[in-house]
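Reading through the structure tokens given below for one structure.
Note that the chains are named A, B, C, D and E in the order they appear, and that numbering of residues resets to 1 at the start of each chain.
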Amino acid sequence: MLEVKNIHKSFSKVPVLRGIDFKVEKGEVVAIIGPSGSGKTTLLRCISFLEKADDGQIIFDDYTHDMVHISKRDIKKVRMNMGFVFQSFNLFSNMTVYDNVMEGLVTARKMDCCEARKKTFEVLEKVGMLDKTKNYPGELSGGQQQRVAIARAIAPDPKVILFDEPTSALDPELTGEVLDVMKKLAKEGTTMVVVTHEMGFARDVASRVVFMENGVVVEEGKAKELFENPKEERTRQFLSAMSKHE
Amino acid sequence: MSDRLVEILVSSFMRILIPGIKVTVPLTLLSFLLSVFIGLLLALVQVANIKVLKEVARFYIWIFRGTPLIVQLFIIFFGLPSLGITLNAFPAAVLAFGMNLGAYNAEVFRSAITAIPKGQLEAAYMIGLSYPRAMARVILPQSFPVAFPNLFNNLISLLKDTSLASSITVIELFTSAQQIAARTYEPFALYCEAALIYLIFSTALTWLQRWIEKKLVWESSENDKDKDKDCGCGRNKAMIG
Amino acid sequence: KKEAAGTDLLSQIKERGKIVIAMEGQWAPWTYHDESGALVGYDTEVGKAIAEKLGVEAEFIEGEWDGLFTGMDTGRYDIIINGVEITDARREKYDFTTPYAYIKTALVVAEDNDEIKTFEDLKGKKTSNSLGSTYADMAAEYGAEVQNVDTLSETIDMVLSGRVDATLNSEDSFYDYLKEHPDAAFKIVALTEDASEVSIPMRKGDETASLREAIDKALSELASEGTLTELSNKYFGGDISKK
Amino acid sequence: MSDRLVEILVSSFMRILIPGIKVTVPLTLLSFLLSVFIGLLLALVQVANIKVLKEVARFYIWIFRGTPLIVQLFIIFFGLPSLGITLNAFPAAVLAFGMNLGAYNAEVFRSAITAIPKGQLEAAYMIGLSYPRAMARVILPQSFPVAFPNLFNNLISLLKDTSLASSITVIELFTSAQQIAARTYEPFALYCEAALIYLIFSTALTWLQRWIEKKLVWESSENDKDKDKDCGCGRNKAMIG
Amino acid sequence: MLEVKNIHKSFSKVPVLRGIDFKVEKGEVVAIIGPSGSGKTTLLRCISFLEKADDGQIIFDDYTHDMVHISKRDIKKVRMNMGFVFQSFNLFSNMTVYDNVMEGLVTARKMDCCEARKKTFEVLEKVGMLDKTKNYPGELSGGQQQRVAIARAIAPDPKVILFDEPTSALDPELTGEVLDVMKKLAKEGTTMVVVTHEMGFARDVASRVVFMENGVVVEEGKAKELFENPKEERTRQFLSAMSKHE
């Protein structure tokens, strides 16, 4: 459904992604884990063209694009079928919760207003934010903002949603409410790619886990297998470091 | 203070205030409008990184910020006629002040736009907006409150700078004071009186600024509560039930 | 020692050994800077000659027209020598010496203007003159709408670009302008009949009485010695020091 | 352009440039120094919330920002003598420009100080510093780089504003151009020439600004490496071994 | 050693601390836990006079002070014997690591420069930052900055050190290095008050745990006891919510 091949990316000559191949099937939940600086964020940003890769192909929606020479129009087409949930929420601070969700439907996709309205209420209900439709983002807690951001991302029914550490800017107590929403989406069969430090979530919810380090995929596999029986020594180290403070 | 001086000051007060209201105020406001328009244009061209236009914008800003305003006034009023464009004093002044302040407002807008977190633009892209749409719907509406205090400071500076228009025959607040001074030979007292009137105007502007700034916060106020985009398909939440 | 000088301005001047003279420095040929940058002009040299007669040095301060009077009011300058014409309004506030020059006011219009031939024709027309000048007052008295710009070149520009119909100035100033711009497309259509008196203003009161007497005496000596005529010929190409 | 005009422009270039270097530049720099001093003082008094002084500072800023600079020049030059203080033109101009810009710099410093995260002051308190010490050692050193770009913009504005000093008999760059214009009756050309020289000066200042800004980052550069507070008790790390 | 009694504090009429009594003995490590907004930060800030309490006494160093009417001089005296480690580090960004530590010794305490120098190197070695003495804070990772901040706090040998969520601004992998330093201090017998969301740390390192909610102390006790056998229902709920995502 979504596949990227051989992504390379350097920042000022320092390689950050060094040939990543990566694939998501319809309905899958893929968790990407790895130490800080391993390139997880950069990978998601390259897939969504927020960062221009130095090399690589993307196959999405049965089209193959060269990631370096793709046209603006094609980028937009890819994005129309892709949702992105940012670590720092990035809700439009000049719009109410309701308008934040409506914007992508009405302005970007020219959806009929009545229909968009219906959809907006539907997704806001799903994330449990129906009572705050008329508030501005600045008036919400971090967890509430992230739930609205998820509603905004799922509203246009994208084929895949990318999450970049959706809970790491949240207090532990607020983390739960966001993870609950994500679990719900996973159960409904939403295709998701989730960069996360929440090992519990990766273990329990993801169908597949990818462990990255230094810009390459070190190991990937079924969530259970990878957690219980990592093949690589480095994966083992990382997992034990992560569980140490829990 | 001598009786004569008091009498001069009293009798001249209205004769300075009225041109202030009739000329200085419209001159200030029109020039400011023009400067906001020019400033926004110059800022957008730079932020959007449009090749040649960006260089043009930077050249414009360099010239207008690097030379005295009085010279710009002279060139537009006395210089343009030799190119066949003869403007009256008032429009020439509006053009000169507007173009000059435009160069400063360009920087105000540019830094306000740059101050909006990059994530806002990226989020706009990811919901499918194009660059111009993202600018119009997300970035600019957020930039205005950021730019506002500096724009307003520039407006207050402009108010006082319009006194330079006297040198190209516009009879505004300061010229009126000068005229009376020329007759009574009391420039010092009359300039103080003019200063007082400028002080009144600029204080009023400062109050206006504070009042607007209070309103400019994104926060749902009571009468906001019914402002969601209404699509004419009813506001009945039950439909989603 | 200062007490001894008292409030008498002349004694103060003698005490400090110099007289402070204010002028614009930007009004050829009265007071201006020559090619080498030196301050020259009829007024400048008259000032020097007067100082010499008083036995003191002349210190010239250059400033803008309205500042000249303010500076004198507040005691920064002793006298103004800047082609100041005597008017009733000015007499109210200042004392004047005997005149040291007489000038006629010329009316200037664009070459192709046939409507304005006399001062009376100014009624309802637009003129351009510097703020507070006697010319601006005069044009206003004839019923013209006056637009104020600062210098002679600008007033002439206003006429040439058609923004105003006419301008007034001393006859000699126009001739000086024509020396620099022989092809300028304007013409002098009228002159005032009576020449106005150019004199040196100073603060009113007892304080300046002895100074005024001393300057009057100096001026009459300079006139009888022929110095004024000589200077006038040098700068104006004619004798304006006599009626 | 006629030969005559070219000749006038060429021959006058040095005669405008030299007063520019000899008068405009020192006038600008001295006024700026004064304005930085006044601005810092006004800002500190406000930030430290010192009761009466704070009100005085705000009043000062209100007056100096609310009235035209030209009037302030007149009052200091022509008005102070009636209080028994007679300054020469140059010091009067320095005082007027310095006091005027001081009001603007006060706001620059104030917002730079306010921009320093509150945690810095709190951390300073917690290691035992008093308020004045914390200001001097922690807050101000961090505020300067923040204030710097705005201070420098004000410096460039000041450079051009010094042309107003001609109205109180200071013969600077612009006055010199006016003098030549009075003889040659070519004000327009000469004002353009003066503008060009201002442009050169202000461009030079902009370059200087960029150069200094590059140096102003807190980052250990190579020659920083030996800059730790040396106490004269040896730099031998072994002593702690 | 340090005792506060009956602290009250409101922000714009909203009570945040509602009568807190709290005591630390010499050599103790006290962990303060509790949900977001319960007033933990406010408590530490009142104790260190960064916030002025509305009511309360503090007994420190055998002196009793009224917390409302205490003089500036007494505040300074209290602070001279108190260290504070902030959530956001708050290193002086205009000073090198070395100067950050020296400042409190030389400028505030007028310590002899040679001695201060010795002490500075000593504490920087303790937190493992000897190799970065000449760097500015902006050049360090979050974990490194926090270790320097701890060095700065312990350098003057304060009688007690207050920590406000010292690791919550850090990535999970950097958290470890800071917690390790804190464990070391605890072992050496440093008196510490630690507000934390790291339940593992509270359980293993703290001698006593205080659970706060809504501006009051709900429960306190020996760490082991409180974790294994909380008396209050609310404590139980909180602890189970905290362990859910680990």
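Details
To be clear about the criterion, a residue touches a chain if its C-beta (ideal position, glycine included) is under 8 Å from a C-beta of that chain, and two chains touch if they have at least 3 such contacts.
Just so it is clear, the model here is predicted, and its values are computed rather than measured.
Any chain that touches chain A and also touches chain E would be listed here, but there is none. Chain centre most remote from that of chain B: E (centre = mean of CA atoms). Set against the C-alpha centre of chain A, every other chain centre is closer than that of C. Taking each chain's centre as the mean of its C-alpha atoms, chain A lies 50 Å from chain D.
Chain D has its Cα centroid 39 Å from the Cα centroid of chain C. In this assembly, the C-alpha centroid of chain C lies 81 Å from the C-alpha centroid of chain E. Looking at chain E, no residue sits in touch with two or more other chains. Shared interface positions of chain C, i.e. residues touching 2 or more other chains, are given as 67, 70, 73-74, 154, 157. Residue positions of chain B touching 2 or more other chains, listed in rising order: 78, 187-188. Chain contact topology: the protein chains form a pattern that is neither a line, a ring, a star nor a complete graph.
Of all possible chain pairs, the ones that touch are A-B, A-E, B-C, B-D, C-D, D-E. Chain D meets chain C in the complex at residues 11, 15, 74, 78-79, 81-82, 86, 89, 166-169, 171, 175, 178-188. The part of chain B that touches chain A in the complex is made up of residues 117, 119-120, 122-130, 133, 137-138, 141-142, 218-220, 224-225, 227-229, 231-233, 237, 239-240. For chain E in complex with chain A, the residues that touch the partner chain are 35-36, 168, 171-176, 179, 197-198, 200-201, 241-242, 244-246.
For chain D in complex with chain B, the touching residues are 62-63, 65-72, 74-75, 78-79, 156, 160-161, 163, 174, 187-188, 191-192, 194-196, 198-199, 202-203. By the touch criterion stated above, chain E contacts chain D in their complex at residues 48, 50, 76, 79-80, 82-84, 86, 88, 90-96, 98-99, 102-104, 106-109, 113-114, 116-118, 121-122, 125, 130, 133-136, 138-139, 149, 152-153, 156.
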